[in-house]
Every structure is written in C-alpha cells, then in structure tokens.
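Heads up, there are several structures right after this.
The same chain A turns up in both complexes below, where it pairs with chain B and then with chain C.
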Partner chain A sequence: MKKNIKFISLLLSLIIVFIILLKGLNVSKDYSNEKLNSKIDFSFKVKKLFNDEVINIEDLFNQEDLSVVNIWASWCAPCKDEHPNLMQLKDMNIKVVGINYKDNPKNAKNFLNLLGNPYSEIITDKDGTKSIEFGAIGVPETIVINGKTKSIIKKFIGPLSNENIIEIKSLINEKT
Partner chain B sequence: MKKPKFINLILIFVLIFKTSYANELNSQVDQITKNLRCLICQGQSVYDSQSDFAISMKTVVKNKLDEGKEEKEIYEYLKNKYGEWIVYEPELNQNTFLLWLIPLILFIFGGLLITRKVSIK
Partner chain C sequence: MSNYFGNYSLYIALIASIYLIIKSYIDTNINIKNLNKNLVLITSVQTVMIIISFISLVVAFIISDFSNETVFNNSHTLKPLFYKISGSWGNHEGSLLLWLLVLSVFLYIFLLKSRSQNTKYRLLTLLFQQIIISGFLIFILLTSNPFNTVFPIPSEGLGLNPILQDPALAIHPPILYFGYVGTSIIFSTSLAALVAGNIGDSWAKHIKSWVLVSWIFLTIGILLGSIWAYYELGWGGFWFWDPVENVSLMPWFCLTALLHTVIVLEKRNLFKEWTIILSITTFSLSMSGTFLVRSGILNSIHTFANDPSRGIFILSFLFVLVIMSVTIFFFNQKKLTSTIKNSFIISKETAILVNNWFMMFFLSVVLVGTIYPIFLEVLNGSKISVGPPFYHNLLIPFLIPFLVFMSFGPSLKWIKDKLKKFEYNLLIIFLASILISYFILINAEKKFLLSVPLIILSFYLLLVTINDFFNKKSSLSQKISHFGFSLLITSILLNGLFSNEFNANMKVGEERKFNDKVIKLNSVNVRDIDNYKSLKANFEIKNQNSFIQLSPEVRIYQQPFTITSEADIKTTLFSDNFLVFNILKDDGYYNVRYQYKPVMIWIWISTILISIGGLLSLIKKNEKKY
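== the complex of A and B ==
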C-alpha cells in the first residue's frame, strides 16, 4: 500500500512537471513589446534635423489627438523598404514625426532628398536615448501615440507593411 | 607667476573627487546594466552587449543616475517602457509566485525527507 502511494505520487509529480514543460514549449521566446501600453514622459528637449532648433518634445504632438512617430536612419536598409509606405501616409494627410536614429545629418538629408520626405517634423537622436523614451528597440519602428493620455497605443516593430498602413489609417479615422 | 600652494591643493582635491565620483558612477552603471536584459541580443545582458540598443541603454542608465535617480526608480522607469522582461530578476507577483515558491517548497520537502530518513535510522 505504502509503495503504491509512493509510486502514484511520483508519477503524478512527473506528469505535472511534464505538463508544465510541454506548455512552456509553446510559449513564444521572442521578445515583443508591441502590446505594451507604456506612458511617455514628454518633458525632454529635442533638436530638429533641418535647423538644429532645440524644442520641447511636447510641442511636436497633438495634445488632443493621435500622433504617429517613425524611427529611422539612412544606414538602415529596412527603412528604405518602408519608405514608400510612409509616403503613402503623407498622401493620406497623416502627420508623421520622424526620429533620426544615430545617423549622420548629412546622410539623413541626402536620403530624404533622394526618396522624398514623408515627415511633418524630424528630430535627431544621436545617442539613441530619445528612442528609448518611446520604448523602441531599434530601427525601423513606428509608434502611434495618444496625445491626451500621453501613452503608446500601438507599436509596429520592423518595416511598415501595406496592412500596417491601413491599420494606422483606421486607428486615426476611428479617433476623428 | 607662481601659483599659491593652496590652489594646487584644491585642484588635487577636486580631481580626486571627480575621479572617485566617475568610478562610483561607472560601477553603479555596471551593476544596474548587469541586471538588464538586452532585448535584441540572444542571452546577453545590456552590460555584456555592444549592440546599438545596449549602448543607448547604458547612456540612459548613466543619465538617470546623474539626475539622482535610485536603482529601483531606474528599473521602474524601464519596466514602464519595456515590461517586466527587461529585468533579469522577476518581481514577486501573481504571475511569478510559483517561480519563487517552488524552490522553497522543494527545499522544505527535501529537508523533511532527510530528517525523516535520519530519524528512522
């Protein structure tokens, strides 16, 4: 009898461990903060790309509405891929604030001269710390911000696809 | 013109203070970044990684310490941006209580088993 209890408890614990490990196998190990609705502290200052003017980041965003931020760099190949999609946003009259990530200003300006400028305003982020304020992990990344609650409502990590553009458009139309 | 001796002395003190502050700041940055996960690297901490993200993160931690922020406040700030995953040491909450509790339960259970075996003998 005692032996049986020992055997059953051992078997049960083995089954529990097995189930836990099996469940763990299906959990995605890739980090994704796309669903994270973090708040942004809008109290820092930034420098504009074209005229070196220093402004408060707050001044760039619509306090009542949604804003779109795109983090890019001229050295980043996927940024080039998503560029036509960003131009589409411009054609839809959607304002996009660009954050130029760890880039040479001259190269950044050449990139825009060559491919067109989809941004309503561009700020520089020489050391990458401004992008961290937006919870970014690299380039390209696009973030939709609610100006009223000062929080991120949607994040697109990687180059924007056509579907992403439609989603951004519907998010903005929903709000207005 | 000869500089008065006490000015030299003050300069030496300032220099010593500055280097010791810089050393302390750097060791604090190292300590914090060792507990931060590099989100774009495989199995590396921010301290170990030389990726663009990790380098920026080290600058952010240094800036926050310069502003007078405490270690805990920096973790909270980063958790708000990147979630719980950014720190290596998970917090005790309803999602992680099993993680913290199971080793303790196993330890107590094992201890009991050993004492029972010993007392039987």
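== the complex of A and C ==
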C-alpha cells in the first residue's frame, strides 16, 4: 500500500511536469500585446545625467510619436555588447532616451566617453524606481513608447540584436 | 533518386522495428533457450536500412541535390565539401537521422557483444531499445522527414549558417550523440536486467563498458562544444551556462555518478536500486536534452528548430518512456534481493556515495537553473534569465568540501578503513600547496576570501593526485582521470581569477594602454574569399618583455547574410591572448575586445586526460576478457 502511494504520487508529479512543459511549448517567446499595453504614469520628475537639471519626464518624449527608451548601466556587461547596435540607431537618426540604472555617474560618463554616446538625453535612476515605472525588470532593456497613448508598444529584454534594431527602425518609420 | 532510397529504407526500418517489438515480446513470455536467429538478422537488416538512409542524405548533400528540402534549406554549391558533408547532420532533420543511426548501430553491437548473457535479458534489451528506435522513426517520418522534396527544383540552396562551418562543430554533434545514445543502451539493459532479475555484480561488469563508452564520448563531446564556443563564438570564454550547454552537462553529472556506483555494484554487490535509478535518470536527461534543444522551448544562442508539433511529440515520447520505466521499476523492485553486507562509515563505499551526493547536488543546481525559467514563465508569465552568477554562487562554495573529500576518498579501502593517523607526505603536500597559493594569490587582482581555500585545496588535490601515481592503491586509469579532474578544477579557478579584459573602439593607427600593455591597431585588409568577404586586422600588443601580433578577422557571408567574427588567439603553455574585433559603422572605428586568459590550454588538456583515463579503463576491461 505504502509503495502504491509512492508510485502514484511520483506518477502525478510527472504528469504535472509534463503539463507545465507542454504549456511552455506554447508560450510565445515575443513580448507584445496585453501585458505591455498598460499606461505609464508620466507625472514624475527626473534628473539629467550630464547637467543635473531636473525636468518633467513628459518633456522628454514626443507627444505625437514613438520614442525609444534604453535602460543601461556602466556595470552591466550585456549593455556593452548592445552598445554598437545603439550607435547604429543614432546613425539612423532615431532618438534614444537613456535611463542610467543604479549607476555611479562618473563610471557612466566614462563608459560613454570610451564607447560613444548613442543617447539624445540621459536621465539618472539612482535607486532603480524610475525604471520600474517603465515596467523594467533589469538591464539592459529597451522599450518603445507611444507618446500619444502613453503606453509601451514593444519591449526588448536583454541586449538588442541586429534584428531588434531592424524591428525598431521599421516601427519608427511606420508611424512617421 | 537518393530521396526515394532514403525515405523508403526508413519505412522498412519501421516495419522491422514493429516486427521486432512484437516478436521479442512474445519470446520473453515463452522461456526459450537461445535468441531466435531471425531477431538478430532483422536487427541487422534494420541497421543496414538506416545506414542506407543516412548515406542517401549525405550523398544528397555532396551532390547538392536541391530537390531535397533539407539540402535546399541547409546547403549551397559554394560550400567546401567538408562542410557539405557535415552539413548533413548540422540541421534538425539530419541530426535526428544521426541519432537514429547511432541507436541502431549500438543495439547491433550490443547483440554481438552480449552472447554470453542470459537470453531473456537480451530479448528485453532488444525490446526496450526497439521501442526507442520506433519512437524516433515515427518522429522522423511524421514531423522531420529529411527526404521531403521541393518542386520545382531550385537552382541554388539557402546555405548553411557560417557559424556552423567549423571543424570542431562538424564533429561535435556526432560525438555528443554517441554519448547520449550510449545511455540508451544503459537504460534498456538496466530495465531488462531488472525484469529478468539479474541485477548484480556480473551484470555490473557487463554494463560497465557501455557506461565507460558513453561517458568518454560525452566528455569529449562537451569538450568539443566548449572549444567551438571559445574559438568560434568569440565571446572569450569556454563555458557560458547556456541552456544548451547545461543540457549536455546534466547527463554527464549523472553518468559520472553512475560510473562510480557501477564499480560498487561490481565489487560489493551494493547500491542495486540506486544504479537502476541512475541509469533511468541518465537516459531521461539525454532525451530531455534532445527535447529542450529541438523543441525551441529554450531561448539560447543555439537556435534550432522551432516547431511546436515536434516539441509535443518528443515531450510525449519522453514521458511515455519515463512513465514506462518508473512503472517497471516499481513493480519489479521486489526482485532486487537486498544483500546486506558489512559496511562501515569509513570505507570506499561511503566515499563513492559521497561522490554521488555531490554529483546529484551539481545536477540539481544545473537542472533548476535550466528548467525553472520555463516553469516560472508558464506559471505566472514572468520572464527571468538565469545567468552565470546563479551557478557560480551555488556551485563554487560546495567545491570546497568536494575537493576535501576527493583528496582522501579514492584512497580508502573497501568495507572498512581507518582514518590515517598521520602522514608526513600529506603534511608536506599541504604546506607546499599553501605556499604555492600564497605566491599566486598575492598577484591576484580580484581578491576574495573564498578564493583562498579554493586555490589551496585545488593545489592540494592536484599534488595529492600526482603523489598517488607513486603508490599502488588504485588503478592507473583512475589516477589519470582524477589527476585530470584536479588539473581541470585548478585551471578553471586560475583562469577565472586572473583573466582580464580590455574593450574599446579604435581606429587604424590608434594606440591604447591597458594595464602594463599597449595595444595598437596597425591595419585592416579587405579581401574577397570563396563565399565571403574578409576583413583582416593586424594588432600588436606590447609590454616590457613581450611582443605579440594578432590578426582577428571579420567575415561577411552573403548566403545567408551573416557577419561573423573570427577571434585570433595566441596560445602558449601559460596563457592565451585573445583578440576579437567588430565592425561598428563606416566611420573607420572598430570595436575591439582583448582578453588575457591564463592557463587556457590546460582546461582542454585536463579534460582530454580525464577521458584518457576512461579509455584506459575500457581497454583494460576488454583485455581481461580475452
């Protein structure tokens, strides 16, 4: 009897694992739609990295158009990897707002001096709370925001790949 | 033409498989003395059919027969012949055909090699192995047929991913598959032995060769994958805890545990149930590996097929096998007569058990890190990525007790041993390792308290394993493998502690300072070669007493359009200088990454030593027979 209980409980746990993995197969690897369409609260103030000027976050984004936000830090190795791709965006005249996440301003500036500055504006996020407003869970992360509806339309978790860059470019061009 | 051959021989193989399953099932229930000759004959026919099918695919690749969909998708007339051939198993369909080929060849070898064994046991092994073979045959024919045709016939193929055009990678999958598939024989035989009721020392002796063979192939397979990642991916590391890498490491832990447990079963007739559980787990992990890699459920650099129907099939098949084996295990468990023998705490048995606990711990960490993100995503939709810090934080502290155990465990005697009173040798070795570690650690840039015991213990273990060569307590194969392993741990630790990296954007002619070195980009030459455009740079790295020139390369392939970076690596016995560069844009700047990696080559050498130890043991075992 004891053995049967063992056997059945093992069988049941196997079946649960099976179901979870089966569901996992159908989970889309893309981030889009329902979860992302939440609105962002644009009513907080932020400090710029280079001149410590305090501004309304709203002023950074084009009210009529799409904006790209990239969350980065000088201590984050994958940020270094995606850096050349961000520079590509700059070359395509796509404005990217950088959020410097939990970073030492001096290191952040050194990072940009060494590798180049791909951002049109950079704001600091010393304690990581600003990034949470954008729904970020880590660095690097890139978000495309619709200024009109104040919602996130696309989110890239992890370093941007070449395909991501093409995607961002087409997103921006579609709307303009 | 080859399409028809390949396709129909697979159907014949499937028919053979069904016949063999039915026939061997019937035969096990009527006690017959000798294996029916037809069974061996049909198995050989099946093997030949699968070989024909595999050769047809290779031929289709060689002659660039684009009427075949697999060839069309993965080959190109401009590709060098070697990569045309290796391209036949570099894709999803071909790699499954290779799995199948190895499965049937191994079964055939098993039937030839097991003539002295009990008939019922051989029949059952044939039955279980045929169930696996038929599963793969159905999988291939239904969802991944390598012989699908394209009409009208295209004049040119779509090319193969240039990252896969690398000699290490060309032989890496087959070697890894030999290891994976070898575990299928272990799985089938352990289930068969369980049902036939002959689990014991003689079975252990018989199965040990298969464990060794799979273990050697798996070790070398992992090594080759790691070498490929280091030389070709250009990330400057040898292990990234990528899910696909983890998937090959998990069966390795399990198989290493099994390798040690089988010895206890052979010598002492102990750990019967544990051996069966390990055999089942090892194969399930190999199958899960195939599932995780081939179903596209993982996000990884090794992006392979992403077709949900394939995933569902492998997953269901995997669970059918697991549930079948669990059921068989539970209902035949009572056949395992427990032979209670005197065993004491301080003995080789205990030492091997401790080794198993550590292996199981390492396995669990890697398993959780690999599977947990999938579970979490399903259960609450959140996405996490488990990276190196997770594995390092969980694994490295446990290396300390592991190294301590490994330094004295292998020299314990069977049944009962005494803790050695005092050995001058060991004390001297211990003091020597403290001294060596002191001189190493005062030079380290990264100072962690944890690295002190780790370095001391790894050197201690290294010296102990060297010292062991001078006594007669253990076999030569074990000495070599254990020495290789301690060398591996020491090299990995030193490599991790002393590696450093420089990263910047540079123009031609520019010079940058890094630590005590000066890095200069001399020139970049552009050339057109075969199927790609090559940008070859020339860098020089100087310091007071050395001068190195490095010429990394960027390749721009057109079929399909891909840019790859070929790192240039200068290897010496003491260190590797690794340099890779990337195109940024058209303003003359290049992104340059330079890495200094000490004792890199010893990581490869030590892994080779580990497998040589296994090979020696295998050779010695076969000599005894004759």
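We adopt the following convention: the second predicted complex is superposed on the first by the 141 of 176 C-alpha atoms of A that agree within 3 Å, B and C clash if a C-alpha of one lies under 4 Å from a C-alpha of the other, contacts with A are read in each partner's own complex, and residues count from 1 in each chain.
Here is the rule we go by: a contact is a pair of C-beta atoms (placed from the backbone, for glycine too) under 8 Å apart; a residue touches a chain by one contact, two chains touch by 3 or more.
The model shown is predicted, which means the values in this text are computed figures rather than measured ones.
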{"item": "First (chain B), second (chain C), both or neither touched by A:Ser131", "value": "first"}
{"item": "Touching partner for A:Leu25 - first (chain B), second (chain C), both, neither", "value": "second"}
{"item": "Which of chain B and chain C A:Lys102 touches, first, second, both or neither", "value": "first"}
{"item": "Touching partner for A:Leu114 - first (chain B), second (chain C), both, neither", "value": "second"}
{"item": "First (chain B), second (chain C), both or neither touched by A:Glu163", "value": "neither"}
{"item": "Comparison of chain B and chain C by chain A residues contacted", "value": "C"}
{"item": "Partner chain in contact with A:Asp52 - chain B first, chain C second, else both or neither", "value": "neither"}
{"item": "Those residues of chain A which chain B touches in one complex and chain C touches in the other", "value": "31, 137-138"}
{"item": "Complex interface listing, chain A residues touching chain B", "value": "31, 33, 36, 38-39, 102, 127-129, 131-133, 135, 137-138"}
{"item": "Residues of chain B touching chain A in the complex", "value": "39-40, 52-53, 55-57, 59-60, 63, 80-83, 85"}
{"item": "Residues on chain A engaged by chain C in the complex (per definition of touch)", "value": "3, 6-7, 10-11, 14, 18, 20-27, 29, 31, 35, 80, 83-84, 87-88, 91, 114-116, 137-138, 157-158"}
{"item": "In the complex with chain A, residue positions of chain C that touch it", "value": "291, 295-297, 299, 308, 311-312, 315-316, 319, 322-323, 326-327, 330, 333, 374-375, 377-379, 381-385, 503-505, 582, 584-585, 591"}
